[in-house]
Amino acid sequence: MSELGLYRTMLVSRALDDECMDMLARGLPVPHFHSGAGQEALSVGGAAGLRDSDVVIYSHRGYAQLLAKGVPLEVIARDMFYKAGGSNAARGGVMHVSAPEIGVPGREGVFGARFGMAAGFGLAQRLRDTDDVTVCFYGEAAGARGPLYEALNMAVLWDLPVVLIAENNGWSVNSRTEWLYPNARMSAVWRGFDIPVTVVDGNDLGEVRAAVGEAVRRARAGEGPSVVEGLTYRLHPHIWWDDAAYVPAEELAEAQERDPLTLTRAALVAAGTAPEQLDALEAEVAEEVRAVLAEVLAGPDAQWDVEPRIVGVAGV
Amino acid sequence: MSELGLYRTMLVSRALDDECMDMLARGLPVPHFHSGAGQEALSVGGAAGLRDSDVVIYSHRGYAQLLAKGVPLEVIARDMFYKAGGSNAARGGVMHVSAPEIGVPGREGVFGARFGMAAGFGLAQRLRDTDDVTVCFYGEAAGARGPLYEALNMAVLWDLPVVLIAENNGWSVNSRTEWLYPNARMSAVWRGFDIPVTVVDGNDLGEVRAAVGEAVRRARAGEGPSVVEGLTYRLHPHIWWDDAAYVPAEELAEAQERDPLTLTRAALVAAGTAPEQLDALEAEVAEEVRAVLAEVLAGPDAQWDVEPRIVGVAGV
Amino acid sequence: MSSVATETRVLTGREAFRAGIREEMLRDERVLVLGETVRSGGAAGVVAGLFDEFGPRRVIECPVSENGIFGAALGLALAGFRPVVEIYSADFLLAVANEVMNDMAKWQVQHGRPDEPLPIVIRGCMAATEGLGPEHSQSMEPFFLHAPGLELLTPSTPATAYAAMRAALAATVPTLVFEHRKVYELSGPVEGGVIGERVTSGADVTVVAWGWMRHEAAHAAERLAADGVGVDLLDPVRIRPLDLDPVIASVQRTGALIVVEEAFVTGNVGAEILARVAEALPGHPLRLRRIAMPDVIHPYDARLERAILPTADHVVAGIRTLLGD
Amino acid sequence: MSSVATETRVLTGREAFRAGIREEMLRDERVLVLGETVRSGGAAGVVAGLFDEFGPRRVIECPVSENGIFGAALGLALAGFRPVVEIYSADFLLAVANEVMNDMAKWQVQHGRPDEPLPIVIRGCMAATEGLGPEHSQSMEPFFLHAPGLELLTPSTPATAYAAMRAALAATVPTLVFEHRKVYELSGPVEGGVIGERVTSGADVTVVAWGWMRHEAAHAAERLAADGVGVDLLDPVRIRPLDLDPVIASVQRTGALIVVEEAFVTGNVGAEILARVAEALPGHPLRLRRIAMPDVIHPYDARLERAILPTADHVVAGIRTLLGD
């Protein structure tokens, strides 16, 4: 995918984010919305350019990951607002979007299983003798859970085509990364496996692309797993009820300076794209996303017709 | 403790082992006996010379660990044979020997909690402002469990006085170490934490002492956790029902050549101890252990009088 | 700040839980708080302020490492501390089911010290509010009911929240305090709560309910009272060990029992209560029934979720059906 | 080796479980075996020979990483494979309770595909033999009873072992097969087993028992038959979903029910059965009872353990008490 295409995906994700923040500001419910603002370069850089048969296990603010993997915006939005035509008919909302046919199997709610799942998908890809890969994103929370070690040991042992992408965004709810990891680094320990472990500026799309590209290449070539840790920043509060009063204003201001959208735009301009073309693209995307959201919000609610078929239904 | 004293502890453990193997060969039950033969140097080298206020979390064939930490042979034997006067009155047998007053809190049956427990004991030692340490042994099985990562991350983060001793003895039941870990090494990954990770000949008492000694020194000095991996070999089958037919005869013969008792004896002789003195010591220990076991076996069975006080008793 | 409990405090449920912990922390410095985000008050604000008051040696911010945290709690307790461990949402206790039910619950017995206390308090927010989804809404007490060696507390009001936290801190075995999210928001007097309350008295039907369901049942009782149906409503507060005597005595009078429970119906606590009552009164023509969640995981959409959560309406209808049979 | 099931095979329980797995592996190459020591036959020899027969791409030797293994099983199943995962001892399932009950059980429903199969078979040796201690002896079905979205099977004979393994492999939801260690050692015909068997017929008391307890109950029934007491003994084989109709129909005739269960009594499966029966027959003067383990963890010493495991003696005494009341 072209750099411009990647930037477009980042813009779509940010526009979705802006719309949701805006609704929240107006007191409207946006259930389970976890803003992905600030992390679009890492998300898009990590998930774009893969095949449908490659698998991505996304993280809870990874709308940009879903978009980059090919999940339509309207599916994400319908799931978010419990509308018909999403992927899960209000049973999982935006926390459990899936699209198995394009390599998006879903997300676990209690962090942990994603790592074993990644190993399982990688093993499946190996057992089928394909050169497909599995990419698994995770934040500071999931990254401190034991299943990561268990699964990575398996992946190294069996040379599984797994790419782990650590999203070091400074926070886990209101806990600082340095309260959770030595030296505030999530991936350092995995160097001990003698696999490639790369720490990149997660807001630099080019750096992310290079590191993930190499990790994917290795995985496809049967050379086993890699870890890419992207240093980025969560620009918005954890979730709607969080006022993020704990975020130092100066730190946030600095992070805003390094907004991946600004940086990516600047890189595109530096590489010769006309600013006017980008202005037009930005306006177009904003308009498009606004229209999609309006349509989604006007659409019918998801219907709940699944229960009688579930095992063991009984009760009230 | 003197080298001779350490050798003596190794001899006691081996004599216990010999007695148990002998009983098994005669068709007598030795409930839950997991032979520690071949691993005495690592066990004694790892657990000896500690204070009563230091904690050791032992492994399931770590009789030598218990002995080195000061648990009397007769307590171990009484627990093994469900006799009165052991530590647990037949509720845990030899799988759950404990002696909290000398830093032996017990053992978990489902591998995993030992690592968090080690962090907890280490944290307790820190919170009390002591320079006590916690030593935690583990085999290939426990070592592949996620709680190890979780707890070690905490130990590194908080500079806890924890020493992990990996017992790489070639097997986990009938699984080879190389089926379970990349390059058959249990500790390599932890180098990524930038803590001292040392791989030693686990049958060389001197090497073990040096590595564990340095790890303990660091821990006491507040310099945080270390990992020592001892390469050793399980000389006997996993447990009584295992015929160990999967162990290649040649490999076993080689391992027997490197029996830590033979090596330690040779080192003592090389360092000037008279062979006659060692002969006498060996005979004395064998006799002593035989006598203890005979007395234990002739002793009264443990009585079971604890249940009425347990919460929620009901039923048949 | 003063550590003296006054007789007239009115607090929210959240504050009542906190008061129980804080007072014990003031009394005994071996009491520690461990968990994720506890430095900033924890998942639901229950431990808010404690880090500032007691500092980092008493309130220990942990990585999101549930197995490590619970293992550490066991180690700390065996080392003489009294850890109060927060789980971010009670649903996540399944990730430490082994530590809680195989390790902690069995430890002292299998190490031959059944009388030695193992003071570990495990607590966290639980149950359904509105659309939190099935991994942040479940009623977890049935999953932990089967393990010998644990106490389970499920308070329902600020007063029982406070009493339950104090009871947990006084318990000699590892104890789980399930803090219902809706109970956090209630306001009421804190003193005077007891472990086992008779909410209303009545001669027609015995109702057992705890946590939020106590309130649904109380509303139902009120509505039925207007129709002359007397409900003997018991809130046990402690689920394990459960004091069955008042329940059995009540059913002997009423002949009819309904357990109202927020958990999925199959294998819930109500099953145990019905079984115990039936076993205690063989040959009696009893009417026994559970009102509970169907065996359906919580939809994210609160509209849909509301359709399956038990309410006062269900209780009224259930009682009418049971008595009308 | 032949893949054709003959009509006259007599196998041990261990072999019957293996036959069920092996035949499906022959039929469908998406079936994989995963677990610890499975290369050498697994913890109890159930998968012995399968590595040699099917090779390392079908029988996958894993590190002792229960969470990794179960996560991988979920991934494999979502990727179109059909994993059969061995747990080294069923007690250790508590270490993956989150993966089984929060992840696997909910996955398809919360991702909006309730009808999409998630073919994961979880199996392992379970329950008490003689002195294996409380982490290798527990009856685990109650711990997993409460989660919607799972099937639970607890076979009792070679025939039901085979039938249960086939049913598990045919199930569309994650399914747990609890293999009683004592059932491994039984010999018997393999064909003809069904999910839900009437072991003896009788008019005086209904008895429900599964796993090893079916045999204790059968012995009791035989002894009571000599005294003219007729026992209607039902072995459901499948615990969830449980087919209650035959139980209720039987209790309607006998008025008396005993559930014999090896698990700790509090919160066991029997509680659910008693509750369901009581709910189904309100106002009937029923006699309902459980025979089960007391809430006491297994001592290591087999002498002591024998004192608390339910046996035919307990069943006989329990029935006499119930009927004599």
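Labels for the chains are A, B, C and D, by order of writing; each one numbers its residues from 1.
Heads up, the rule we're going with is that a contact is a pair of C-beta atoms (placed from the backbone, for glycine too) under 8 Å apart; a residue touches a chain by one contact, two chains touch by 3 or more.
Everything quoted here is computed from the prediction, not taken from an experiment.
Peer 1: Using the contact definition stated above, find the chains touching both chain A and chain B.
Peer 2: Output, common partners of chain A and chain B: C, D.
Peer 1: Chain by chain, through touching neighbours only, how many steps does the shortest route from chain A to chain C take?
Peer 2: 1
Peer 1: Please work out which of B-D and B-C is bridged by more C-beta pairs in contact, and write that pair.
Peer 2: Output for the comparison: B-C.
Peer 1: Where the CA atoms of chain C average out and where those of chain D average out, how many Å apart are those spots?
Peer 2: About 30 Å, centre to centre.
Peer 1: Let me have the rounded angstrom distance from the C-alpha centre of chain B over to the C-alpha centre of chain D, please.
Peer 2: 36
Peer 1: Let me have the rounded angstrom distance from the C-alpha centre of chain A over to the C-alpha centre of chain D, please.
Peer 2: Computed from C-alpha means, the inter-chain centre distance equals 41 Å.
Peer 1: Which positions in chain D are in touch with at least two other chains?
Peer 2: Where chain D meets two or more other chains at a single residue, that happens at 63, 65-68, 91-92, 94-95, 98, 102, 106, 109-110, 133-135, 148-149, 240, 264, 266, 290, 295-297, 300.
Peer 1: Hey, what residues on chain A touch two or more of the other chains?
Peer 2: Touching at least two other chains: 91-92, 96, 109-110, 112, 144-147, 150, 153, 157, 180-181, 307, 310-313.
Peer 1: Linking chains that touch, what shape results: line, ring, star, complete or other?
Peer 2: Shape = complete; every chain linked to every other.
Peer 1: Which bits of chain D are touching chain A when the two form their complex?
Peer 2: Where chain D meets chain A, its residues are 32, 57, 60, 62-63, 65-81, 83, 98-99, 102-103, 106-107, 109-115, 148-151, 173, 240-241.
Peer 1: Any idea which chain B residues touch chain C in the complex?
Peer 2: Interface residues on chain B, with respect to chain C: 55, 86-89, 91-92, 96, 98, 100, 105-106, 108-110, 112-125, 127, 146-147, 150-151, 153-154, 157, 306-307, 309-313.
Peer 1: Tell me, which parts of chain A touch chain B in their complex?
Peer 2: 144-150, 153, 156-157, 180-182, 188-194, 197
Peer 1: What part of chain B is in contact with chain D in the complex they form?
Peer 2: Interface residues on chain B, with respect to chain D: 31-32, 82, 90-93, 95-96, 109-112, 140-146, 172-175, 179-181, 246, 301-302, 304, 307, 310-316.
Peer 1: Going by the contact rule at the top, pick out the chain D residues touching chain C in the complex.
Peer 2: It is residues 91-92, 94-95, 97-98, 101-102, 105-106, 109-110, 133-135, 142-143, 145-149, 240, 263-264, 266-272, 274-275, 278-279, 282-290, 295-297, 300, 322, 325 of chain D that touch chain C.
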